[in-house]
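Okay, so subunit A shows up in both of these, paired with subunit B first and subunit C after.
Right, the complex of A and B next:
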């Protein structure tokens, strides 16, 4: 398999983590509890670290620096899913997104450990060890908000409903997916992960009384939340992009 | 008598390992990169000594500082190439016994033993590094650095940190 064919996949993986990392970092200094300020800042650092590993892999293929790959692109050159680019919202929204994303990322990483592209399979094994702390964190907040006060429960439900239409976009195919599947770089198409994601999410929602007709696989409409993997993003991302590339854009050649 | 196999680079590699003992973790300066098990290999190549460094967490901001410190510490041996390993996860089981002891003496509980992919390993009753009690609770999995979690000892009423199992 020609390495260049791997680029869209690696970029999708990297961009998801980079953009979510930026969103997490927006809580630095303003999270509702000191411990959570530290937690979100740490998770942001983790996600950006994971993104860096994937950008390094791209860097080896395209012979460009990881920084220029990450930040030297127009918004339409990013391949993250729309789910991660939405503004952080309230605490319930950020926690619900983290929980739903981590569950999806978890089944994706598990699949990638079976990739025929060895550097990828071995690299994600490292990421899995770090992500388990994020999963524990997200799950515990689903419980805390669901059983906290009427307001926290109401906010959590509202967040889940708001997030739902964006979720299928996580599983949107990447460019050249059929070929990647054929070569075993992707052991399965991304759409095959959706039921496994639900197997992880459903029991947690059910346990906390968050089950409903509008929160389930049947509530997804076809291709809802799609576009991100093709570089079609919302206005939300354009604003974020302006911010996250501001310093880089001042002097892309600067040595730090 | 059989002559020993010539290992022309062995002396230089041995010297590198000795020098590496003096490179400390910038975030926990009592413990060396060797005691933390962060060095996978040291090899004399044609133009440089290649040191393979395993990051604790991929987002660890000390990685670049450690690469720099290793290059400086080994400078007497010529060009040093410090490569980051991502094809094998560093895990806390790589920390040596001496490293665990030094962590404890510095006020950090060493990481729990066992495979950190097992969930029960992650939420242990860490032993307090001050009073040795196990009557402790995990306050937060996220501490001052990515590799440390915050606990509280109910016996001596001290907060303390534990190196996270990974």
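Right, the complex of A and C next:
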């Protein structure tokens, strides 16, 4: 398999982590509790670190530096799902997104450990260890907010409903997916992960009384939240992109 | 009514280099001063996160973004540690945060100024941290032992921040003409606040914190120490110190400089600095916006953040 064919997959993995890492770091300095401030900064660093690992793999293929890959693209050159580019919202939105994303990322990473592309399979093993803590963190907040006050319960439900239409976009196929599956780089198509994701998420939501006709696999409409993997993003991302490339864009050739 | 003999005995113990632990008897003046001093230090760590956090999103490389996020994480962690020390002396975290956002307590002058460019972040990371380390290193011998111990840990982490800041400055100074200009402009902007940072030259005998050895070096000496180490370094890397009177006086061994505008310092720390109200407003807004989270996890009776 030609390495170039791996690029859209690696970019999707890297960009998801990069953009979510940016969103998490928006809580740095202003989180509801000092302990959580420290925790979110730490998770943001993990995510940027994971993104860097995937960019380094791309860097080896395209012969460009990881920074120029990360920061030197137009918004339409990014392949993250729309779920991660939404603004951080309130604490309920951020925590619910973290939980749903980490559950999805967990099943994705598990699949990638079976990839025939060895550097990828080995790389994700390390990521899995860190992501496990993120999922525990998100899951504990689902419980805290569900059983906290009426307001926290109401906000959590509203967050989940708001997030729901974006979720299928996580499982949107990447460019050249059929070929990647054929070569075993992707052991399965992304759409096969959706039921496994729900097996992780459903018991947690049920345990905390968070269910209903609008929260479930049946509530997903076809291709809802799609576009991200093809580089079609919302205004939210364009705003974020303007910020994240502000200094880099002063002189992309310079060393910062 | 405090017993004068007991106070005298306490003072004698401090003067002889004795340390105070949280459960020890202490004069009210000592307790009040220790709380105020440590609380302001904690406030400064938390407020110091704000000017830098604006640049996390804008950091120009993955490495710088990671380093800056880690640095701010440390600072918030320091704020948390310092608040715990002050809490043990009798002021709850909630009260400290409420006083901070209401503008009733103070934080360091440097965090009342805006950050204009990436070079500001570099200069803060190098020189503001360097100036802070000079003070904090001296505080490792504070008479209040829990504070002294906390400072030992904080200084260890600050040393990494300083390296990162220095590296960011060196990178700019080895870069393009535009980058060098940015760096010099940032130094010019931060010079005044840097010279204010250790405070006015209050005579030692009129400094109550010094008398109780809550702090151990006078403001003048701290500033001299900072200048002695950093003026040569600043010049060596090709930056110009924006004070034509800055020079080392061979006769006295001390650094001579243009006397800073101490009125400006007073105005700034009272909350009338160029970015004071914006920063406090931002913290107040976020504190209110997230109150429901604290109510949910700590119970509505407690609003401690």
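Here is the rule we go by: the second predicted complex is superposed on the first by the 255 of 256 C-alpha atoms of A that agree within 3 Å, B and C clash if a C-alpha of one lies under 4 Å from a C-alpha of the other, contacts with A are read in each partner's own complex, and residues count from 1 in each chain.
We adopt the following convention: contacts are C-beta pairs under 8 Å (C-beta built on N, C-alpha and C of every residue); 3 or more make two chains touch, one makes a residue touch a chain.
None of these values were measured; they are calculated from a predicted model.
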Report task. Please work out whether A:251 is in contact with subunit B alone, subunit C alone, both, or neither, and reply first, second, both or neither. Result -> second
Query raised in the report: Where does A:67 make contact in the superposed view: on subunit B (first), on subunit C (second), on both, or on neither?
Result: second
Query raised in the report: Who does A:243 touch here: subunit B (first), subunit C (second), both, or neither?
Result: second
Report task. Using the superposition on chain A described above, determine whether A:90 touches subunit B (first), subunit C (second), both, or neither. Result -> second
Query raised in the report: Which partner does A:22 contact after superposing on A: first (subunit B), second (subunit C), both, neither?
Result: second
Query raised in the report: Does subunit B (first) or subunit C (second) touch A:48, or do both, or does neither?
Result: both
Requested in this report: Would you check which partner chain A:119 touches, where first means subunit B only, second means subunit C only, and both and neither mean what they say?
Outcome: first
Requested in this report: Figure out whether A:38 sits in contact with subunit B (first) or subunit C (second), or with both, or with neither.
Outcome: both
Query raised in the report: Should A:58 be classified as contacting the first partner (subunit B), the second (subunit C), both, or neither?
Result: neither
Report task. Of the two partners subunit B and subunit C, indicate the one touching more residues belonging to subunit A. Result -> C
Requested in this report: Kindly list the residues of subunit A that each of subunit B and subunit C touches, one partner per complex.
Outcome: 35, 38, 41-42, 45, 48-49, 52
**Report entry** subunit C residues within the subunit A interface of the complex
**Finding:** 46, 49-50, 53, 55-66, 69-70, 72-73, 76-77, 79-80, 83, 93, 117-118, 171-172, 174-176, 178-179, 282-283, 286, 289-297, 300, 305
Query - Residues of subunit A touching subunit C in the complex - result: 22, 25-26, 28-35, 37-38, 41-42, 44-45, 48-49, 51-52, 55, 66-67, 70-71, 90-91, 144-145, 148-149, 151-152, 155, 240, 243-244, 246-248, 250-251, 254-256
Query raised in the report: Where on subunit A is subunit B touching in the complex?
Result: 35, 38-39, 41-43, 45-50, 52-53, 56, 118-119, 122-123, 125-130, 132-133, 136-137
Query raised in the report: Residues of subunit B touching subunit A in their complex?
Result: 57-61, 86-91, 116-117, 119, 122-123, 139-144, 146, 150, 164, 166
